[in-house]
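Below are the structure tokens for one structure; questions will follow.
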């Protein structure tokens, strides 16, 4: 995959995507939003990738939206509401990443602000380096975390979402783990890269189709009645069990051997 | 109550239910699912039990679903989809326990996997012994935690549910408390049995009909508009206040005496 | 604003509201519920207040509903259901405070029970002094936390709400922070007043209209489909960006100066 604002590199089952505008602390401009959306679409269509690892170049994850792009949009005259359209495109990108069938990991270092905070909220596994500082600066600039807010509520719950809205408070790694914003953080014994390696090892043990089906099931919870969801889940379960992968998984488990999908490749 | 796979014992207000297939680390087979469902129905119909305490025989809570039962279901020919039906019966059991009007406690030791993890998620109070290891191994076997997933989302939130889906990571007692999966854990000062005793003492102070009404109110939150729920709650409140139990409770409170229901027997 | 059961004092952008029935540990009677509702309506209608700070007189926040008022309501004959009506009025008060467009802070000391617990659950920022003890005593009195329960579920999640319903357990400051009931607590280095000052400093940096818009966006999450919410958010964002405040905020940010709204007065 070609991209101007990203470095994209495939290794084994993993797709490493680096936000790559280090002079702007990887702030997201229109181009980066488009390229991230394209990466998500390609992963979804081509299959084969078992985890996408998002991180930022040169010690920062992402400083949020690029202010100069916003100014450009405001001066655009050939669209009805170019600012709304630019803003909404960021939400489409978050939705595209949020609904990926494979695992998504964010490795958070330095500034994790605005849109970067949003990416951390849609990842399945969010890892915080000691340097990570999570923040929603929007209200202090006189604007809102418009496309991010719903993902923040889902991730942190209503209480912390409202607190961050009114205070714009910076969250350090320890609090990020306490809030469920991050799942693990570097400490004296383990760097964030050590934790990433251990996480990839765990993801490798999980069978890709089962992972996709479980992510989908989790996402449907709450949007349909419980009994109907459990009925659907039972039917899906039966189909999954009848696949050769399930038989291989059970056999490997009983023999205490690695399953076929648990390989370096 | 008679049961093959359970030990069921009534003491005072409490019903102790022990998952009792210790050679299989109390893995749930079809029979155990049926017997747990029956216990829940009997408790609901007969009344009088103020807490159900679920634990496992011989140091493990429950290692999940029994794989051999699954194989049996796959070879059944007289049903349309016997695997889906077996799977769905497990969800019915979780729903039956989840909606009990009395308190439900799980005492988690050793393996708390798959269906055992699900039971921990529907309990009002989940206690973790030092030995407790919570895990969802399904995706590593090529299947899904189909009937459990919605209860996991409700208990841990979307973030941790998706993380566990893609990593299958083991949760130790300290993290279980941090995530709200468990409410308390044994430590150097208190064993899990000490904590259970203290919990039962607290439950004894709460009036059973008020407990049932509050559990129902909590469960309805989110499934109806807030104003309508508050209207219903006010009407229910008025009916509860007019009972002799409420008068006795207020009087005992003002006199700093135990309420009538706060008694050993 | 005049009030019998409250002390209401405006300083700079802040409105300090003290529950002021110290002989009853600031228990809420019908009058206090009315006066709190009126304060909320005045703040909403008049504008200009950027944070409401709720605390209790003399070392306790609020011991819950006043039992003697309840007795009075039960003896009223000119209403269809005066107890339900009294109870519902408390829910209307919580809703009025919950939906305020400005920041709401509770400073919790001593008893934070019943209705006091409810107020802590609707605040954007809840601070716990070392003396704070949060508790829902209702089920131990034979009644329910009827108007509070939905706000507890939203704040603590289903798991802790059900646990507190069946156990009536007391929550100390450390656990309150772990559960997201409180956002910060006093410790050896900082008193609750130090933390309050720091919080007000942060709130002052956030632009009031952007705060109101973000609170509203957070509150709408989950009650409408995600895509529709993101569409609305983009349109609102565009309108906010075009205001002079947003331009001033961006300029101040780039020049590393305080924004116009970040001033003492």
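Lettered A, B and C in written order, each chain numbered from 1.
Here is the rule we go by: a contact is a pair of C-beta atoms (placed from the backbone, for glycine too) under 8 Å apart; a residue touches a chain by one contact, two chains touch by 3 or more.
As the structure is a prediction and not an experimental result, all values here were calculated from the model.
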item	value
Labels of chains that are neighbours to subunit B and to subunit C	A
Degree value of the rotation bringing subunit A onto subunit B, based on Cα positions, nearest 5	120
Shared interface numbering between subunit C and subunit A [over half = same, under half = different]	different
Chain centre separation in whole Å, for subunit C relative to subunit A (CA means)	32
Residues of subunit A whose C-beta touches two or more other chains	154, 157, 178, 222
Touching residues on subunit B, where the partner in the complex is subunit A	67, 70, 74, 81, 83-85, 87-88, 91, 95, 137-147, 149-150, 152-154, 157-163, 165-169, 178-179, 222
Residues of subunit C touching subunit A in the complex	51, 103, 124-125, 154-155, 157, 178, 180-181, 183, 199, 202-203, 205-207, 209-211, 213-215, 217-219, 221-222, 226-227, 229-231, 233-238, 240-243, 245-250, 253-254, 259
